[in-house]
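Some structures are shown below for you to check.
Consider the two complexes below, in which subunit A is the common component and subunit B and subunit C are the respective partners.
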Partner chain A sequence: MATANETKTSSYRVIGTRPIRHDGVDKVTGRAVYGNDVQLPGLLYGRVLRSPHAHARIRSIDTTKAEKLPGVFAVISSADIDPHESKMAELGEGSVNLQYLCENVLARKKVLYKGHAVAAVAAVNAHVAEEALKLIEVDYDPLHAVTWVLDAMKDDAPILIDDLKTEGAPLPHSKGPTNIAQHIVFSKGDIEKGFAEADVIIEREFKSATVHQGYIEPHVATALWSPDGHLSIWASTQGSFTCRQQTAELLALPVSKVTVTPCEIGGGFGGKIRVYIEPIAALLSKKSGRPVKVLMNRADVFESTGPTPGSFIRVKLGAKRDGRLVAGDAWMAYDAGAYPAGIIGPGCVCVFSCYDLPNARVEGFDVVLNKPQTAAYRAPGSTNAAFACETVIEELAEKLGIDPIEFRLKNAAKEGTRRPDGPAYPVIGLVETLKTAKAHPHYSATLEGPNRGRGVGCGFWMNAGLKSSVTAHVNGDGTVTLVEGSTDIGGTRTSIAMQLAETLGITAEEVVPRVVDTDSVGYTDVTGGSRTTFATGWAAHDAAIDIVKQMSARAAEFWKCSPDEVTFDRGLFSSKSHALTFKELAGKIQETGGTITGRASVEAKGVGATFGTHIVDVEVDPETGKVKILRYTAVQDCGRVIHPSYAEGQIQGGVVQGIGWALNEEYVYDADGRMRNASMLDYRMPTAVDVPTIEPVMVEVPNPRHPYGVRGVGEVPICPPPAAIGAAIYNAIGIRMYELPMSPPKVCQAIINEASAK
Partner chain B sequence: MATKTPVSTTINGEPVEFLCEPRQSLLEVLRDTLHLTGAKEGCNNGNCGACTVILNGVAVDSCLVLGVEVEGAEVTTVEGLACRNELHPIQQCFLEDAALQCGICTPGFLVAAKALLDKIPNPTEEQIRFHLAGNICRCTGYDKIVKAVQHAAQEMAK
Partner chain C sequence: MKEIAYAAPRTVADAVAALKQANGNGKAFAGGTDILVQLREGTRNADVLVDLKKIPEMTEIRQLPSGDWQIGAATPCHRIESTVPFAEGYPGIIDGVHIIGGWQIKGRASLGGNLCTSSPAADSIPALIAHHAVVKIVGPDGSREVPVSEFCTGPGKNVLKPAELVASFVIPAMLPNSSGCYLRFIPRSEMDIAVVGCGTTLTVEKDTIKQARIALGAVAPKPVLAEEAAAWLIGKPATIESFEKAGEIARKAATPISDMRGPAEYRTHLVGVLVKRSLMTSLRRLRGERVDVLHDKLV
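Then we have the complex of A and B:
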């Protein structure tokens, strides 16, 4: 797949090529060690007892019978973990309140969602552990549950956390206990004046269901609490240091007493940052004196981890007859889940982020209710927001009689555009994606046949920078061992190694990347926020520069000249009279003073935001309401593309997750707040037969603030699909959908409603 | 009374004997007893396909087969695809075509793809998508997997 700007990358030798990933052979032969593949002598198997109620007081927990079951080595409940005060701990991408984290790990006085962990067992095997769970007697006092965000905001709603205080902007009518954890207000210009100037105003309300990240590997953690007080954890985590910090804080240990080894990880998408079972495995190990592996089953994963917020959003946009947007107003209520979660924050930032709105106001609410505490999911908060804003944009374009891409081009954010939350954009590539989409053959292709339609949609994600560290050791054979702390979820060993290789003038294959434990590399934040290729790649670049500096000094010593006389270009060190390749000089480092190690720790600033514009063709079956994706093209500004195959893969995978969100995926709740579809069969994520080839089109608008122009690729592709598909459905059958998922029953109902209204 | 049953079977071409409880799945035996951890547990109820193995020529979810059921059977796992140190063409094409991201579903897809190509050496895109629909991948969006299987079919025809 050619990138739109291939010539600009041609000056690079490594960047822009497609080397085989370094961990590839291990992963196609079954040898790669994922969290559940960890085996230790004397290993016990841990399982967690979870609440059958969505909301209840715990009167008592009796573990006596479970403890007596042969083969059981330890049983724990919240009595085994000291309570925490309400205090924030930094997690890299976001922060966490330790009191809530502690109560989420093991419920203390109340359970706040079905699936809330209550107790745990370590036994000789998983079957015995599961038998023991059935012997634990918990006496519950069930309470009313609330699972719809607007219901949870009502004055008479069941209150989950008695002492919850609303953070952020003051609420006009706040009185007494509340479920509103956070209230956000951004504004820019004067929206009343803006709407007064508008020739056309459209206001719509949108609902979206709770959805899960859906990684195929369940959460798993193995812990060994040694008699010397040292805790070792082998985890499936997006961030080993984040895991270490949360676990250490919860168990009141200094971080130096906790080592986290990140195993290969079977997907995360934002859902494997918060700890759930790591502290449980640790406590079971402490109590039993044996290593303990805790594995979630699939229902646990759905009911106790993730998900991302269900939401209610009202968007109002006004435009002049010439197609210029003049004002926007958004009111957004997002699920927090059982404890404050804050996905509403980025949701508010993202809702109008694609457009240059002179007047805008955004009001948002983080609302506690009886669902699992929500977590990040690929551009967290942005997809819900994009569905709402982009649908109203479509309706405005239609009403004004302007082509939807042309309408977006008239209003697209560009360098200097100020978002309603404050920041002005540096160099960004939204306009480039819109122009590329408009010129793409898909946009002008004929789409014939009944019940077929085409739609477009845009999306935005801010991306993250944060902290990364690497060390790089030069080997005598001219290779470099690259030691890093970023969990590799989708080929980042290679995209990071390629930046080191490019800088040193060696090949990607001559770099040996190793993802190591928290004692073996400097602090590194999570693999998340589309930051790993950007920030850890930056650290690898800086470590390579450090190596070049040191090797130039060696060359000078060797050549008996001043270091200033040594130049380095594309893998060749030279002076006036001498030249040595990187490999040749590497072969001499032991005789010129010993090993050379490059180091870098970065706190990466200069993050480049990412935009995408998608085109989709659908066919709606009017009998069943099923929507089939016929063709999909995803144009994205990727900044400089390091490894095109894996960048394409991020886009394709993100789009398919967005299609699942748009068309099928949802947590189905009963009246008592219990999820009724907590299996992969019933939750129904897209399979290979549900989607066609997703065609990625990569536009490269390099990020001028990164050494190689990297922006980060992974998150934004999930944002446009629901709105683009909604627009395509409208163009197919003339009905606008305002609720996600646009699943067969909902589309069918909309068709029936439309027919009966006529 | 003994609580475990002796089972004799063939795994990846080698005779294997193991003891297992009647309630243990083939997946559990492969992973915990025989330390063949290539087959992955994603759901333990036949929904995700990460534990796919070939049982007497047919791709099955090993989490839905009991260990005692493989008495006398022939089982192929992902560990049995490569011939000594030479990757199977499907494995090689998955690498070259970047058909994996996190890699947890990869063993299941490789084994399911082998079962498909053993039966239909030159499948259409539709046949590939249909035969792999029992395997869920959450990272790739399937396109690169489908293309890698097509590529492998071409390589195997050479």
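Then we have the complex of A and C:
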């Protein structure tokens, strides 16, 4: 698991090394404060009543009996929150329609999925709160539900939102009410001409089930609405400012009246950006006059937060006999869930993003149906798309008799390649990952034994930039306190501190990173879009430059020379006749004019996209259809790797989630649209014994537009696994799977069908 | 969840009395690994929990002079597994006991609890049936014996009458040239509920099958015997072909439902696969091979 950085001599001292994470001891000793550890005097416990129906009109809600139960302090429903009109609020990574957000937080006239929040209680303890929920009487008028995306697009489908209008590209034949929230069309070149030139054309259809991020820590929020009108929230959130803004907008408060403290977080993967229980905790606090903590259980997490879309995708690709792709056509329908969600957008961007297609067309639909509103999940939309496109790529390579990596190399996107959605790539590293994979011993290792096969697959994610702020205070002992607003999910305290340390010529240990509340640091967007090491790291770099500038001026004053005569290199300030280390000068700042604070707020442009190429060996049990992963190698362009262990961890984690998506994870629905497997027992994520050691191989193609060459690392590793595993299954037993998950019953059925066809 | 009283009697008679007094609102409490979860999820209700783990008779495992084994109904799985002479003699029962949860669960979970929860997918029951196990039931009206094969009557239902307890299991001594096996199919490697379970015992003399017993889990409202398949095997050569044929016949005993754990047709298909593999493992074992079913290539 070496990186290029560790094998060649790097000019960096801190970047590329593996210091111990700053929050490590707190986490392994159990001292770190997670959302559920928050305790306040007089704390009440909130619980949410959720819809048992997938689709129903609410005739009435009667809370009188619940209010009378001893120990109950407040009961709320949508009557306690003013309605919002359909208006967009920016959330950094994406925007949100306030009317839909409001109705998702507490259902108003209709419930649109099983688990939709209807009312909530705050009580002296959780048990009383749960008993009180049973006393709330809701009169429902059940309606037909629809949970498969193609069914929801039919003319006679049950309509979820009466006044929904299709946004985006016009749909000429659509009339009347619809579930299609968005229609996207991208095109490039002339696909008819392209397909006419093709020697080989393959067209396939793909289905994938709804899957959840499966973070270990359930959502939890504590709110205190003080009599002076100030609202404080402690939350498990990927973005404290996003949480602040959504809550403030929903409750019609100025943002300055809301403080959000981000607690340590047990995973998010895109699922902890939208608010669910934060506004509920706030309203319960307002009504009861006490702090209120609302905690979800696991079933709530599955049924009532945002999973990622199930989808239907049709991909058609054409190639010349020499292996050059000439045209691609994709038709993609993604679940929006109960309200418009837009994961289809990145899905459409990603479907052909790995290839240089002269002619391409992509058409996509965001479709409302009776499932929870979908949310981001690690490269949202890209995994579904990669499964489809990569499988067709494999079939083309086979038909043309070209090695699958060679075929991809012939067509790989490079600097200058224009994607069907418009942008041309700057420097990217897909070719480098393909070449590295091809040369890796795994790719040429012999794989013996029956029913075993090897597959490869590629994936892409565009990554995000967005806004980040930090302040950095120089301490007299030569350390620097780094104040930041980015929730630390994957070791970003350290990866950001390392960029500050590198710039100042100090060690990572000499930086004291602190993730603080929304009143204590400048606006910072979510930890999401693989942006944090990139953008908040950039802010840390800029804050360090600011410190150097101020300290150089101090040194000049001290040495009685002009600031231009002071140079700074790797932690040493010097003039013609003097020199002081960073630490020495820091020791003198109080006598030379007082504290120095560096600061930076960036809106990071120059995002570097990331690609990965994975190799996997599987064994299929031909009698049961069960697939075992034997070996897994994940090659990824990571840009410049700041902290190799954390980059490797991101790759391994992403692959594990991709394996789960590929093999077993799915929301199982009954005929009435109710999820049947809302538990960790029956929603089958891989356990430690289901995956082998995943070997991450990091290729470094630095992002030329970032001060340290950083690209996002965290998302792309989830994209290739389903397609790579599908290819491996084909090479093991000669059967192509077109539906996720490739679970034992489905693989077994495919084997039986194949045998009876022969 | 509301408040629940807790009783910790020292004798079976006191436990029965405590349940009787609770008048239908008491629940026996052995390892608690089912009942606590169910109470918390609201699928069961109780005013009193009657702890069985403080009753010596219910937590011991010993061999009787007849060679049979008696296992107290509240004996934790981990203790059963680590009782070496029992474990060596009954690898088929241990297959089931071993996979009930991880270490923490096995330190608490009992055979009595597994049986009395009466899940069609319970992992200990098929092998107990295949081994002709019998339970001793004690209640307000005295005690009686019931074969495990007749204990369950439907999902979550069994022959226990109000305030009755399963006190212990009796497992007959193994015949010579015999062994057993329990296999379950799950989509992952651990932490899952059987899509299909299959317990078998086999007696073979000079390569000819003398006795066979096949019990299936998760394919009917309760664990079931595949009697026709077992009968067909008698007198047949102990070969993979015979076991395959037995598997085909055993499918007829399966009347599964489709649910989130697997479609009905798939379960029926798996019956054939598991019966064949389980019998094959029993055969290898009775011939002296040690087979760890969790890591065996065949499984």
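The rule we apply is simple: the second predicted complex is superposed on the first by the 752 of 758 C-alpha atoms of A that agree within 3 Å, B and C clash if a C-alpha of one lies under 4 Å from a C-alpha of the other, contacts with A are read in each partner's own complex, and residues count from 1 in each chain.
By definition in this document, contacts are C-beta pairs under 8 Å (C-beta built on N, C-alpha and C of every residue); 3 or more make two chains touch, one makes a residue touch a chain.
Not measured: the values here are computed from a predicted model.
Of the two partner chains, subunit B and subunit C are each touched by A:L681. Residue contacts after overlaying the shared chain place A:V689 against subunit B and subunit C alike. Of the two partner chains placed by superposition, subunit B and subunit C are both touched by A:H127. When subunit A is checked against subunit B and against subunit C, the one touching more of its residues turns out to be B. After overlaying the two complexes on the shared chain, residue contacts for A:K626 are found with subunit C alone; subunit B is out of touch.
In the superposition on chain A, A:C748 makes contact with subunit C only, while subunit B stays out of contact range. Once the two complexes are overlaid on the shared chain, A:R298 sits against subunit B while remaining clear of subunit C. With both structures placed on the common chain, the touch criterion links A:I20 to subunit B but leaves subunit C unconnected.
In the superposition on chain A, A:V668 makes contact with subunit C only, not with subunit B. Once the two complexes are overlaid on chain A, the subunit A residues touched by subunit B in the first and by subunit C in the second are 127, 680-681, 687, 689.
On subunit C, the positions that touch subunit A within their shared complex are 1-2, 185, 187-193, 195, 259-263, 265-266, 269-270, 273. Taken in their complex, subunit A has these residues touching subunit C: 127, 130-131, 623-624, 626, 663-664, 668, 676-677, 680-682, 684, 686-687, 689-690, 743-745, 748-749, 752. Residue ranges on subunit B touching subunit A, taken from their complex, read 21, 23-24, 28, 31-32, 35-45, 47-48, 50, 77-79, 81-82, 87, 91, 94-98, 100-107, 110, 128-130, 132-146. Residues 18, 20-21, 23-25, 27-34, 36-37, 39, 125-127, 213-218, 264-269, 295, 297-298, 489-491, 645-646, 648-650, 652-657, 679-681, 685, 687-689, 691, 693-694 of subunit A are the ones that touch subunit B when the two sit in their complex.
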